[in-house]
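Shared chain: chain A. Partners: chain B in the first complex, chain C in the second.
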Partner chain A sequence: MSKPCNPGVMTSRLARIGGLIGVYAIIGCILLPILWIMLTSLKTPRDVYTLQLWFSPTWDNFRTVFAAPWHLGDKLANSLWVALGTVLVAIPLAVVAAYAFSRFRFPGRQALFVGIVASQFIPAAIVVLPYFLMFKQLGLLDTRSALVIVNLSIVLPYSIWMIKGFIDAVPVDIEESAMIDGASLGRIIATIVVPTALPGIITSAVFSFTLTWNEFIFALITSKQNAVTLPIALVALRTERGDLWELMAAAGMIIALPMFLLSMTVQKQFIKSLTQGSVR
Partner chain B sequence: MKNNRLAYLLMLPALLVIAVTTVFPLLYSLVLSFRSWKLAYSSAPGPFVGLDNYAELLAGDSEFVASIATTLSFVAIDVLATCLIALGCALLLRRAGRVTSVARALLMLPFVMSPALIGISLRFFLNPEYGVIAASLGKLFPGLASLIWLAHPAWAMVALVISDVWHWAPYMTLILLGGLASVPKETEEAAAVDGASPLRIFVDITLPQLKPVVAVVILLKTVFALKAFDAVFALTDGGPGNATTTLAYLVYQIGFKYYDMGYAAAAGYVLTAVMLVLAGFYMRLAFKKGI
Partner chain C sequence: MTTLRLQGIDKKWDGFHAVKNLDLQIEDREFLVLLGPSGCGKTTTMRMIAGLEEPTSGDLYFDAQRVNGIAPRLRDVSMVFQNYGLYPHMTVRDNIAYPLKLRRQPAAEIEAAVQRAAGRVELQHLLQRRPAELSGGQRQRVALARSIVRKPRVFLMDEPLSNLDAKLRGTMRAELRHLARELEVTTVYVTHDQVEAMTLATRVAIMKEGVLQQIDTPENIYNRPANAFVAGFIGSPAMNLLHGDGDQERFLVGGGHVVAVPPPHAGKLILGVRPEDVQLAREPGTANLLGEVYAFELLGDNTLVTVKLEGQYFVAKLEKGERVKEGDPIAFCIRPERLYWFDAHSGERIDQ
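So, the complex of A and B:
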């Protein structure tokens, strides 16, 4: 049985119910649009043009985007190649550089780190002009390697910044005693620093992968046919015959779902890094 | 640890890559901005023209002036909307509980979704004939029933803000939740016991302690709004007319629709200069306690 209500209890109960409604509203705002795209990807073109919730689902759209002329499989392969390539180059370089920033106090350290963080603020539009001209000259336009190079300009500074935060949080004592025991620096990084900071390093790798996977303006400008990535393939579905929504939805799911799954695996670590203020 | 030479050695590979991928292109564009180079006519670099490109921009290129105005209004509305919504969400999600923790986990989804995909999806949702959001809003507010969102300058801007807020507000909410976690609950609870209203508690106790984090959020959002490109491309294509052509988008149009490299570089450098000033402010806030 509930106790007799005094006004204070009433308002706090009302506030709790209101709060809960607000939380459900947040969940709805996030999930409903994603669900609608998901449903659209399973609709026939005719069903897309109605707002009905009931329809017979089909995988046809996915079959269509993977077939000619869209060849989404090739674009998927390009996206994977570019994102993996970028991460595989960036993360090892970032780990050693972040280690240096975290553990050494050398002249110019502050200025260099500020420069690295500042490079994140540079608008893509200004670097994409020279890239276009240089790649044109070098014959690198429309290649996956060119995309790895440009993506490094975003991913490397970002991961140095992020991984430094994670290494900062690792206590130095073990490294110092290992050093006294005569372990080389390479050994210390490989056997002590990397394993202890691994959750953070994996988080940075996942986010670098996501950034590269979703990267748009560089891919838009440097790729034409051979190196087209998924986001560019998506906007290419706006054809002269109009927007092919059901195919866009299917392609959209192929872009978004892997990132959803991937981000869920590192969600706790990432939120921790945000709350510790190591990356903002 | 002291060995400085070792530190430089460790950083060398990363610094070399950054020099090649960021510093060199930046200098290249700076040089470019002093040249006249219309790629449509010639693939060889054109002559140096000094500050002519900048002079032409600032002397009243109407597209440039319009894009500055568009950028300012987009940034102002977008930053305000994102920050208020993120603050509201953070306050709602602050409490422990099963539903709130589910909601907190879901905050990651919009952030990892491609902005181009968000733009395309919103375009679909706002379609006047079969767009689900346009239709629902039309039912709720009959005044909006006949609105063609993306054909109307002000509403196209609203749509652009919606797509950007959907992408960024959850991320900003996470940062604010981090800030809220370090605000001690005791003072707030004591004030509540003394009969202070929730609004007073928020304004007088919570907000002052949250100020540094709010400042970071505002600044970061300003930077991301200034950089916004993907959603503009996918959602409005800068239109209708040039109603949503922000400066970042104009640089792209000058460069890759008109192929006027020097002029695009100059316009890009105006944007870059603004960004670097903001970067300076950001460093001050973020690295107050040292690096």
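So, the complex of A and C:
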């Protein structure tokens, strides 16, 4: 008689195989649509509705979306302008605001902070109309500045909240040290607080950039022609002639690419800040 | 070259009176130690001198200049913090150079000053490191180097040795004493450790619950404590303080233990005896305190015998060769000229 096989080993092997299938199923759900877009962006309109993997790839779609009438280059410039502008204004403001909330004791501090954090939870659809009317009054409709202002209102509360957490973790000791060594408040923030809280600041800058880059509803309502951003350009590809899938896929790739590059370069920083939290 | 003067300084937070009507003059080039248990207001006093806290009332002078309301960076003091306060993102070199960079000194001068300061505390080989890569003692020395890289009007040190292990503390103590002499800068040093206070100070200021108890040389603090609190705080082990009643001839502790010494007056009193002023009574008739050994400890260079008298402990420091057993009867001889008497209510010492 051969030895009976160990039932424990059997079940654990089955469980492992089952687990792997589950994991691949989930990965597939996430990655297949992206793969589909990648492939579609390289297909001719004729091939779009076929699922075949063998086709002759072409860059034509990318050429088309950058040409008239789509002018995706302008939209890309708008998106970059709005996203970078928002981050460049939001992050310095958020740093000084977070510092004030973290270090100063003033009347109404708690209420103000809760108010700022709570403002994140108001759905965009509710405030979009007042913004529209306001910009109309100010003559800012369809400008990139208007989009920067709107995005600031989304991005600032989040950044203040996040950066405050990191500044809270900076020991007060080292700031007092710097005060006595002869530093002014501005110098302390610039040379002591910002470098020690840098992982958090970078993280919130990346997050702000991503939010702004993908922002849809405000851009849809306030822009018409001059300030159209990439997500809106995508919708414009649903025309009377039907949905131009191959062009949408190409535009989608162009939207996703900067995000992809950004995440690659700052991933290390990002993970460090998430796992580390405080600086010692 | 700075004399510090604190006049009627009070510091209150809501509901808490940290420092009460403090008058203190710290002479030029003096090494003053602020000593007391935690919460006595010593650190608060130092932080007010630094400008990190503002007094609620009272005046603070550097020489003739009133410095109330002047920002720390304009007071030209340097400070060593208990947790060192090093900049974690800078190298040792940059940490030490930071005060000079803020003063916009030329790079060559900064480098020379950094080398000099680092040399004084033997850090030259660690200048490239970050604080996280240093041991506690090394971090301590970086903090010290940063405070001596320029010549401030006043040195402030807030329990700088309390995070070090016992052996290193001893070495650094001697180091600090040497540095302070060499640099000739007025120094204020905060500690709760009476050994540090006694060894470092030219004068010691003892505080309790925000009130200055006594300010004097270490010798006078030891020999002529102003009150029972000061007496009990200085010395290792601390002075024995026995509560009891005096009559014409004797002092009665608790219910009946008799100490055969004449008190200054009848009534409630506190008797103070330093453990080192007690000997074993070898000849009959010389004993003035009898008891039973409660605990016996070998310290190496001497021995400690504890006796329990009506719920109060009495410690005697004896020769290293003495051996007694717990439970044995024991007879002590206290030299009457080395006794202290304190008022039972105010705690003030009674001059004899």
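By definition in this document, the second predicted complex is superposed on the first by the 249 of 280 C-alpha atoms of A that agree within 3 Å, B and C clash if a C-alpha of one lies under 4 Å from a C-alpha of the other, contacts with A are read in each partner's own complex, and residues count from 1 in each chain.
In this section, a residue touches a chain if its C-beta (ideal position, glycine included) is under 8 Å from a C-beta of that chain, and two chains touch if they have at least 3 such contacts.
These numbers come from a predicted model, not from an experiment.
Trainee: For the combined arrangement obtained by superposing on chain A, do chain B and chain C clash, or do they fit?
Mentor: Pair status: fit.
Trainee: Looking at A:G165 after the superposition, I want to know if it touches chain B, chain C, both of them or none. Which is it: first, second, both, neither?
Mentor: In the superposition, A:G165 contacts neither chain B nor chain C.
Trainee: For A:G85, decide between first (touching chain B), second (touching chain C), both and neither.
Mentor: Neither partner.
Trainee: Chain B or chain C: which reaches more residues on chain A?
Mentor: B
Trainee: Between the centres of chain B and chain C, viewed from chain A's Cα centre, what angle do you get? Round it to the nearest 10 degrees, please.
Mentor: 100
Trainee: Based on the superposed arrangement, let me know which partner A:L112 touches: chain B (first), chain C (second), both, or neither?
Mentor: In the superposition, A:L112 touches chain B alone.
Trainee: Regarding the shared-chain residue A:N214, is it in contact with chain B (first), chain C (second), both, or neither?
Mentor: first
Trainee: So in the superposed three-chain picture, is A:G200 touching just chain B, just chain C, both, or none of them (first/second/both/neither)?
Mentor: In the superposed model, A:G200 contacts neither chain B nor chain C.
Trainee: Taking the superposition as given, does A:A183 touch the first partner, chain B, the second, chain C, both, or neither?
Mentor: second
Trainee: Once both structures are overlaid on their shared chain, how near does any Cα of chain B get to a Cα of chain C? Whole angstrom is fine.
Mentor: 8
Trainee: On chain A, which stretch or stretches are contacted by chain B in one complex as well as by chain C in the other?
Mentor: After superposing on chain A, chain A residues 179, 280 contact both chain B and chain C.
Trainee: For the complex, which residues does chain C have touching chain A?
Mentor: Residue list for chain C touching chain A: 50-52, 71-73, 77-79, 81, 83-89, 98-99, 102-103, 132, 146, 156.
Trainee: For the complex, give me every residue of chain A touching chain B.
Mentor: 15, 19-20, 22-24, 26-27, 29-31, 33-34, 36-37, 40, 48-51, 89, 93-94, 96-97, 99-101, 103-104, 106-107, 109-110, 112-114, 116-134, 136, 149-150, 152-153, 156-157, 160, 179, 185, 210, 213-214, 216-217, 220-221, 230-231, 234-235, 238, 243, 245, 248-249, 252, 255-256, 259-260, 262-264, 267, 270-271, 274-277, 280
Trainee: In their shared complex, at which residues does chain B touch chain A?
Mentor: Contact set of chain B toward chain A: 1-4, 6-8, 10-11, 13-15, 17-18, 20-22, 24-26, 28-29, 32, 43, 88-89, 92-93, 95, 99-100, 102-117, 120-121, 123-125, 129-130, 132, 135, 166, 170, 174-175, 177-178, 181, 198, 216, 220, 223, 226-227, 229-230, 233-234, 248, 251-252, 255-256, 261, 264-265, 268-269, 271-272, 275-276, 278-280, 282-283, 286-287, 291.
Trainee: Mind pulling up the chain A residues that touch chain C in the complex?
Mentor: Chain A residues touching chain C: 171, 173-174, 176-184, 187, 192, 195-196, 198, 279-280.
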